[in-house]
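Letters A, B, C and D name the chains as they come in the text, with residue numbers starting at 1 for each one.
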Amino acid sequence: MSERKHRPLAPELEASLPRVDVDDLIAPLKYYVDDDHPHLWIKDPAVCTGCTAKPCLAFCPVGVYRLDRRGQVMVGYQACVECGSCRVGCPFLNIGWALPRGGYGIAYKFG
Amino acid sequence: MHAVVAIKQVPDTTNVRIDPDTGTLIREGVPAIVNPYDVHALEMAVRLKERFGGQVTVLTMGPPKAAEALIECVEQGADRAILLSDRKFGGADTLATSYVLAGAIEAIRAEGPVDLLLFGKQAIDGDTAQVGPGVATRLGVPLITYAIEIEAFDPLARTAIVHRRTELGVEVLETALPALLTVEKEIAAIARAPLPNLVRAARYRPEVWDAAQPVAFDAAKLGIKGSPTVVGRAFTPAAKAPGEQIEVAALGLPAVIERALTRLEAAGVLAAGPPSAGGPGGGP
Amino acid sequence: MGADLRFDAIVVGGGPAGVAAAITMAKGGLDCVLIERGRFAGAKNLFGGVLYTHALADILPDYWSRQPPFERPVTEQGYWLLSPDSAMRILHKGECYKGEPAAAYTALRARFDPWFAEQAVREGVLVIPKTTVTEVRRDDQGRAIGVATDRPEGEVSAPIVVLAEGVNNLLTQQLGLARGDLPPRYVALAVKEVIGLPSAEIEARFGLAGPQEGVAIDIFGDATLGLPGTAFLYTDTKAVSIGVGLLLEELVHHNLRPYEVLARFKAHPAVRPYLAGGTPLEYGAHLIPEQGYDRMPQLVADGVLVVGDAACMVDALHREGTNLAMTAGRLAGETALEAHREQDFSARALRAYRRRLAESFVLKDLKQYRRMTDLLDSTPDLLGTYVNFINEAAQRYFTAHGIPKREMEAEILGLLRERRSFLGVARDLMRLLRGMRG
Amino acid sequence: MSGAPELTAETGPRRIWVLIEQQGGRVHPVSWELLGAARRLAVELDADRAIVEAVLLGQDVGAIAQEALRYGARRVHLIEDPVLADYRNLPYAVGISRLVQAHRPEIFLIGATSLGRDLASAVATRVETGLTADCTELTIDPKLQILAATRPTFGGNLMATILCRRHRPQMATVRPRVLPLPEPLPPAEIRGETRGEVVRAPLGLVEAEVPLRRLRLIPGAERVDLEYAEVIVAGGRGLGDRDGLPLLRQLAEALGGVLAVSRPLVDAGWVSVEHQVGQTGKTVRPKLYVAAGISGAVQHRVGMSGAGFILAINKDPHAPIFQIADLGIVGDLYEVVPALIDDLRARRSGGDDGR
């Protein structure tokens, strides 16, 4: 409808964000991990290499996407809560996203 | 071929939390699952059924909620499910539990021959590994614990060859049937259940047996009354005192290594044990 | 076995929309199967936590006697407007919210949804868990004839398929009913924590008389760093649910970690005391489709009805979703019953579903607020600006400075003008009004 | 053949029994550990009347009976029979149950080995008594004067002390290596000990009555099984490079253990998920867990906090893994691990492993 107006975040807001280890947050979650069936994958690793922003490293709410020491994006599908953010949030739509096989993946206890 | 599989519904201990104040299990939000070893026992039974025909009966002793676990077993391929549920069974230790399971299996055998009894090697909540051997003893059938493979199975000749894992290696045993096996996970990899099984399970209601019907159990041998052991005290393991921390930068590498090996040795975690006592289970 | 897997209707997904559809169809006599990919209905589901009961009552008039696992009735509700260091609280409570059953309850989906699915089972629905539907099967004329699943021997057939697959509507897309995927600017990512606290403690902190009272607070402003989005704080029985939702595009653009935004919000001086000493029970995340009325997928195809989040039925402004979903499910179910009576499953016949929706609050509300997402999207700092202004104005207003009140009023206006021109304010108001009035 | 005549309950000996587990003539050391524990319990229970006795079954195991005396048994109940050559549940359970019924021990301890756990439950069922599995601690309850057997449950999250009030014997299986290995007495002292004796009993069962035969033994064909490994060497993100994995493998070999990793390395595709420890991987409870380059996020800790001894190696002195480590080495794992390997190898070949 109208133009996007993205002002940069004020530096003091940026600085006010606490560092959180997402692994601590997901520790109480119950996953039924489907060992041999990753349901998330990088479609073309070259696209990630060319992506400088790599927002998936930040916006994924459970930290599925991380960099290895060589700068490659690793996909820790085991921790996925199946929200779908990466499916639509990747600027290059470079993330392959399927539903885990029935019975696998996250099982919320509270929701 | 008729295989009977005994299962247990357990809290998922990978997710368990203990209330530090009361020392009791926080059941809130802890999912209940079929004891993982039992799932493999069931899978083995289903494979045998697929090969030889026949049926798989699954049974459990537990509260009414344990019916969920039985329904999961029907999904996985069990034909018949029996829930042994009665307040009188409550609080049973392994001796009282094996009494009830053995009685129920006797009743199933009275209806028709049973070729194989399958149990998980242990339940992950109690880790006792006692119920399977107890039931075998009560029924007077051969027992093979820690089974990892059924090499041969002949329901007509009523024999089987079973591999069993011990600290010494793998024992290959020939047994008469019926026999009772308690199994490791590698006995059978879990296959994905076909949809018709799930449809059947969604409609299935397990049979419920109580302390009086169809088996009239001896009340003195049930539940708390029939259990020689009681829990005197339950407590959370003492929180570890913060460990020793040594810095290579401060002490130098040789001193750090020396200290580390001394500590490991003192803790008895280095593999090399005393040669004279290095018996069968000596090495890891 | 093949004959066993033939039904009158298939519902894909065991959330509120799917279960509502299934119950409605089963009550009308259809042999209905509901296929859920989670280990149980609700295993994959998460929402902020307020459930309105009117939609439930339309489906199950006797729902109260079936003992739904609600957390607390909502007897007090309203808004907090957070600046970085203060909060303007606008809360409404009263006797009007008392009485059983209440109009709204807080709930946890991994508890409520299994109960709701259990009611479907009671009505005769066959609920199949742990099974993912991979495809809607169609005949050579494109009519839906069933579904394929990820299980061996996994085909199920029925002349009508209700898609209640949720926000990640892969099947809806597969059928070409959605025009492309959700754009990040029309979808919010919400993260939430359930934090355990003794119920007496919750009641003391929130000023509640007992477990028969509960609070639902929606929070704007600093909770989302002033970016388009909302936060919430709801009381459960023995926990509080706290969360924050932001348009995904904002997270992407600013390279934000949603859990850090949540942690920052939890640490806000107005929020922290409510959570102190609590036990983190669960963290989770979910997408909320906020594309609104104008970008909804097509709701019907030959033999197919789309309901709930899969059809983007969310009224983000009023934190309504489950009630829209349930109502849509019910109306889809009624339409399916009619289709069975007429033995006509064509899209043309099923379009009655859309008509029913249009007559209900579902489409009326969605239509009315069709511009809200765009408003926020086009004016991303709107919330932050006004919320901070309101807080500062309040501070001036509530503090004696030894200056005449007229001067203070002028000062407050000045504060506003620093932030936005009069023209800007007027434009914002206009848009807001248009957003509200539709 | 029989032992001393039985006395009445009030005046007779209070027997504490220990099963001497042997296979192929080799004794499992847990048997000696248990004799040590039994001697301690005898003092706690009743210094005057409590005596420690051993139970030994097998074929041609007389020498082991003598060794049991050296480890402090006052008497060894010995059944030798060809049927007992290989361990099988039925004949062992029958033989032991008959001994129990004849001598009525008050306490009966068995190693929580695969043999011991297989056997103990069968015996307890036959004599209808209580059995506590897999104990880590044994004491005498001072008030009740009965055995208090403590064991971990719920995956080690909870400890439970189990009592067996009325039934006898009070049976328990005890994990190997949780109790100290006692010093054997020199042979001379045994000869001087008048009550040190070996009492033989018949099995009373013939081969035809045993419906189970051992066809063969495939030695050491054990698969790597992380969940039950006794020693685990695990690497994490701090490894930085896939090339660090062989180094950890070498350390694992030197310690007689297996390799594991934390999640990032699985994500990176360096190692398959079956090696992963942690919340989305496996839960392990080894005796020794070496965490190299693992920061120790809760997500990982939940999978390994039950380890007996945790050795952490990490550059960052504030890494959370140090909070649960028994010993933390702050340093570069690429320095520390090779040095550890060298020293371990030197020890092994140098043979200064005294005892």
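Remarks
The rule we apply is simple: a residue touches a chain if its C-beta (ideal position, glycine included) is under 8 Å from a C-beta of that chain, and two chains touch if they have at least 3 such contacts.
Bear in mind that the values here come from a model prediction, so they are computed numbers and not experimental data.
Two chain pairs are in question, B-C and A-B; the one with more C-beta pairs in contact is B-C.
Distance from the chain A centre to the chain D centre is 44 Å, each centre being the mean of its Cα atoms.
Averaged C-alpha coordinates give centres for chain A and chain B that are 37 Å from one another.
Averaged C-alpha coordinates put the centre of chain B at 19 Å from the centre of chain D.
Within chain D, residues 279, 302 each touch two or more of the remaining chains. Residue numbers of chain C whose C-beta contacts span two or more other chains: 39, 129-131, 149, 151, 281-282. Across the assembly, chain B contributes 29, 31, 192 as residues in contact with two or more other chains. This structure has the following touching chain pairs: A-B, A-C, A-D, B-C, B-D. Against chain B, the residues of chain C that register as touching in their complex are 1, 4-5, 33, 39, 126-131, 149, 151-156, 196, 238, 281-282.
Per the touch definition, chain A reaches chain C in the complex via residues 1-9, 13, 16-20, 22, 25-26, 28-29, 32, 53, 55, 58-59, 61-62, 81-85, 87-89, 91, 93, 97-103, 105-111. The residues of chain A lying in touch with chain D in their complex are 21, 23-24, 26-27, 29, 31, 33, 35, 66, 68-69, 72, 74-76, 78-79. Interface residues of chain A facing chain B in the complex, by the touch rule stated above, are 28, 30, 101, 107, 109-110.
Across the complex, chain A is touched by residues 36-40, 42-47, 84, 108-113, 129-132, 149-151, 167-168, 170, 181-185, 187, 189, 191, 193-194, 225-227, 239, 248, 250-261, 263-264, 267, 280-287, 371, 374, 377-381 of chain C.
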